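These are the structures, in structure tokens.
Same chain, two partners: chain A is paired with chain B first, then with chain C.
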Partner chain A sequence: MVNFMREVLRRPSAVFGVSLLILQIVAIIFAPYLAPYSPVEADALRSLLPPSGEHWFGTDVSGMDVYSRVIYATRINLLISISAVAVAFVIGVPIGIVTGFYRGYLSSLVMRIFDFIQSFPVFVLGMALVSVMGQEIWNVAIVLAVLFMPIFARLIRAETLSLRDRPFVAAARCSGATDISLMFRHVLPNALSPAIVQVSISIGMAILLTAGLSFIGAGVRMPVAEWGLMVSSGAEQMILGVWWVALFPGLAIVISVMSFALLGDAIKELSDPTMRARR
Partner chain B sequence: MPILNHWNKIPRPLRIIVSRLAIIVPQMLGVMLVTFVLIRLLPGDPALLMLGNMASEDAIASVRERFGLNLPVWEQFIIYIKNVLQGDLGISYFTSNPVLVDLLERAPATLELITYSMLLTCLIGVTLAIISVVNAGGPLDYVTRIYGLAAGAIPDFWIGLLLIYFLFNLAGIAPPPFGRVDAFIITPTQVTGFYTIDSLLEGNWEAFKSSVGRLALPVLTLSIVNAGAMMKMTRSVFSGVYKSEFIHHQVASGLPRRVIIKSALRNSMPPIVTLVGFLFGFLLGAAVLVETIFSWGGLGQYAVQAVVNSDYSALQGFILFAAAFILVVYLIVDIIYGLADPRIEV
Partner chain C sequence: MNTYSSELLLDVNNIVVTFEGADKPAIQDVSFQLHRDEVLGIVGETGAGKSVLARSLLNLLPEGGQVKGGDIQFRGRSITTMTKEEQRRMRGGDIALIGTNAKSLLDPVQTIGSQISRVLRAHRDVSRRDAWDQAVELLSNVGIVDPEKRAKAYPHQLSGGMAQRVVIAMAMITDPDVILADDATLGLDATVQLQVLDLLIGRCRSSGKAAILITHDLGIVAHYCDRVAIMRDGSIVEIKPVSDFLVGPEAPYSVGLLEAARSRPVPIVDKKKSGSKSSAVNLTKEAPLLQVKNLFKLFPISGTDQVVRAIDDFSFEIRRGETMALVGESGSGKTTVGQCLVRLLSLTSGSILFDGQDITAMKEGQFRDFRRRIQMVFQEPYVALNPRWCVADLIAEPLQLMPAMTRAEKLKKVHELLGLVQLPTSLAGAYPHELTAGEQKRIGIARALATNPDFVVFDEPTTALDIRVRSQIIDLVRDLQERMGLSALFITHDLNSVRSLSHYVSVMQHGKLVERGETENIFEYPKQDYTKMLLDAELPIEQKEFFVPKPQHVGDLT
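What follows is the complex of A and B.
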């Protein structure tokens, strides 16, 4: 673990990613102390004020403080994205391992279904599912979990297929290991690393999708502080030259997605011994 | 095996096309199953949801009758397939038009947008990929890597708004973000549905200039964001080819760099064709967001309207259309791939 941290600190891009991540964790924990105003309190008299000492990021059309909302939105955006990816991981990994371990009719049928889900543009399918299920925060998370689950299943399955005929699996089988123990104690630990890299990348994708869904009105609803929704509430004013309402939440999205992408890159390099040796 | 003998006598291109066409039938059935199940997932009465809360008792009864909602589910699915095959996708209660009419009317706008976006995305993506591979480790490589990282993190709807702010509001170079042509211009008569082409066909220079101007920002938005991913994927293909032995041989023979790049690019083409197909499908999804910002009046905006107004027939129609479109794109890609790569077995 200490070694791991040392390796991370040796890469400037990884350090940058981790510091952006720490920034978000601070925003999540200390939101009530960092935000000078309530994230949902509207004040019609203070509508569309430009950034000033009093309102660092200005106010939006209903007079809510943009800075406070950007800080608080970190909670909801990361909550949705991380829980969606966690669910996708927890369901996708066993499916991947079982379909990779037992190659049969059923497992190739499951894969065909996943192929099919993945051939749709993610955003179109996400939009349809959320609007059919009802525009609730948890529904957005469930839909994202459904959309991401095939990615993890596929990665784990590919690894399992290449591992299942290796001598160490045969050795374990000879010493009397059951299928369950073969799959989860012998194959799984060796098959996990691409899926773990994918977790970080998927969280970033989930943040973008959540924001996009809210932007078109198929996700979280007002007055919840959510980045995509905030950009959308500033979209009309942007044409009139009011830039601050949409600019800052958008920047928050960029920072957040980028931190997870950088983290994913770092994990990928560290989990690959050949890449590590090259440095 | 007499059948197999006959099959092998058919010319190869035809074999590729026929065998690939055969797959699209079950795929289309799958798509219809998905769109059917999607609507059946709805809690509550589908008839009520299709018509909206203001529907009268008679209307609900007639919808029940038409869609056979009192029949077993599999019979309903067959009725749905029959309706779709006859071009009946239901009525949008928001526009009160048949959904198919609405979709066909809006499709050219979206296709024009994503076609130009795809061309620009490929141009930027492939160029940057080549630059980064040829200058591997150099400052240009570094810059393209940063671009790739940033482009993957930027929401397209946000960059679109920034472009509007900077280029329309501040600099005043871009036309206003409202639709496909300026309001005072007579839209060209529909031939291809692409305003840029139709206006040229009838020599309507004003309409051409206006539609190109209106296309600039949304196309730029989609390209900036997607060229990053295109670059990353092209780079991994191209750098593999660039390290292969025939390239080393060309370098050793002292061929000019331009020729080497060209032949490396030619050999990276088949995977890039697949990427382009994938990108086309992806852009259709991305267009949903970008059309909303630029009031584009295409399929994407129609879909958003459907979501916001809970217009489920329209939404179902859009999903079906989008899926069918993507299947056709993949079909074309597979056929081109098969024709381009003689190693593919049919």
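What follows is the complex of A and C.
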């Protein structure tokens, strides 16, 4: 782990990604101290004020402080995305291992179900599912988990398919290893690295999707502080020259997605066996 | 044997090769000369710098490598002062390199004919058509049947041996003065190796070329080379005519190497000795530990109703304390037999009786008891060890077949097993990639012995190991046979090790039994042509010694 951090610090793009991530973590933990106002307190008298010393990022149409909302929204956006990807990972990985290890009808059936899920454009399916289930924060997270699970299952399955015929698995079988032990103690540790890379990339995608769903009104609802929702509400005033309401949450999305993408790239490079050998 | 009256082709003077970031040079002060009509063998273990030396002769060092000192002269001209174009013409034109693993050296999307003729056209001014014709002619000269048709084949359609011939043809088509063969026959069957080397050296001899054979097999050196250079850690420790070397190596390292390459006498635990516990009469009547009857294993070829007959009516038995060797070329079904015994593969038909019980019909749960008693040492040690597990966990894994043990008991057993295979207990925390090939092999053996098995299948225990490591493994297995009274099936194509390790030999071809008998009998009086062919392909270093009276090694001559 120490080695890993050292390798990360050797790459400028990775350092940039990690510092952006730290920025977000700080925002999540210290939101009450960093935000001067409540994120959901409306004040009709202070509607659409431009950025100033009092309201750094200005106020939106209901008079809520954009800066405070951007800070607090980090919590919501990252919470949804990270928990969705975590659930997708925890469910998808075992499914991938098992379907890769036993190649039977059931395994094919599961893969066909995943084909079905993945054959829809992610965004359209997400929209449909959230509107059916209700526009709650947790529903968005559950839908994202369902959408991402096949990605992990497929990745792990592909690795498992090649690993299960490796001699060390045969050797373990001769040493009395049970199928469970073969799957989770022998195959899994060797299959995990591409999935771990995918985690970071998926979190970035999940942030974008959460924001996107809210933007078109299919995600969480006002007055929750959420970036996509804020961009959407700001977009209505954009034509009036009110740029700040949409710009700042938009920047927050960019920063957040970029940090996870850069982190994913760094992990991918580091998990490359040739890189590992050099260490 | 060589008078050195012939033309001096290569003159290497005190060259030093360094790699960026390495603390010591890869090649340190190496000097040698190569004359026309001469075959020089360069022998050394992994990491001795043999391949780097070959590449530096062509000034084609891998990234980061550089010839720092000394001089390499080819026909009186220093290679380092040549222009790029002159160097290009020299490579392949005057000095040709044949590498290991021919299949990976060939371009997969080009027919072999065009690859060979392209080499010719890069060096000589010939038309496409002429080049093709010459390529075809050369293919037939290197022993490829139906060369016109084969020239249009792609590399994936060739067997390993054929691909190696193609690479040799590629090296020879420009008629170079020097051929560098860098482990050119590594991984080929002994019979194929013999054909390939006979061809290569035969061509060199008949046309007065020089060749450098880089190898770790002293048998090859003894049979084909005039002079031998022993390399270690980037330096040549000894260089002298082969005949002198075989009878009187000087450097202590070469003495050790030569000693390691000799075969040992037949294992000490023969049936009479192990039978000394019970009466000798009883022994012959005792039921065999393992009885394999009419084994068949057929693999269907997908998309057709044809089958591959991997094992075709094969029977044998092994009594307690005995070791049987299963020999044959690759693809003969040897490994399949081993895998059937430990139930990694299910048989098509036939029966396997272990200690009187038929293990083929058992459910996995029932067979679990027998897993403890039948163990297997896998072929390639590195891939048979989970890269993410440390040595202690790897060795402790089979202990789950034993009655439950506490953590401390397990650790004690792991240390005991490490001692048994002569490894320090400090390795317990290491991971497979941190070990040498020899250590990996020992870990594989320790794993198989963890459960005190009655019977062990050794799958190619000596293949692809350096000379000294190989002999250490052979000694270790001999020691274990003696101490633990192991019964074993020994699957190999390394005949030299068979002689040192097993009491009986079964020769296998295309899944069928060719011949079986006691080791000495088979080696001395093979009855079948196939067995004779296998034996002839062996290149023991002792054969040359035949001409030199040395009484203490007479026993090795068989």
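Just so we're on the same page, the second predicted complex is superposed on the first by the 274 of 279 C-alpha atoms of A that agree within 3 Å, B and C clash if a C-alpha of one lies under 4 Å from a C-alpha of the other, contacts with A are read in each partner's own complex, and residues count from 1 in each chain.
Note that in this section a residue touches a chain if its C-beta (ideal position, glycine included) is under 8 Å from a C-beta of that chain, and two chains touch if they have at least 3 such contacts.
Being a predicted model, the structure only gives us computed values, none of them experimental.
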| item | value |
| --- | --- |
| Superposed partners chain B and chain C on chain A - clash or fit | fit |
| Contact breadth on chain A, by residue count: chain C or chain B | B |
| First (chain B), second (chain C), both or neither touched by A:G241 | first |
| Chain B versus chain C as contact partner of A:G204, first or second or both or neither | first |
| Which superposed partner A:H186 touches (first chain B, second chain C, both, neither) | second |
| Distance in angstrom between the closest Cα atoms of chain C and chain B, superposition on A | 8 |
| Contacting residues of chain A [partner chain B, same complex] | 116, 119-125, 127-129, 131-134, 204, 208, 211-212, 215-218, 228, 231-232, 234-235, 238-241, 243, 246-247, 250, 253-254, 257-258, 261-262 |
| Residues of chain C that touch chain A when the two form their complex | 339, 342, 344, 368, 371-372, 375-376, 378-380, 383-388, 397-398, 400-401, 433, 444, 447-448, 450 |
| Footprint of chain C on chain A - complex, ascending | 166-168, 170-177, 186, 189-190, 277 |
| Contact footprint of chain A on chain B as seen in their complex | 27, 30, 34, 38-39, 41-43, 149-150, 152-158, 161-162, 164-165, 168-170, 176-177, 281-282, 284-286, 288-289, 292-293, 303-304, 306-308, 310, 312, 315, 318-319, 322-323, 326-327, 330 |
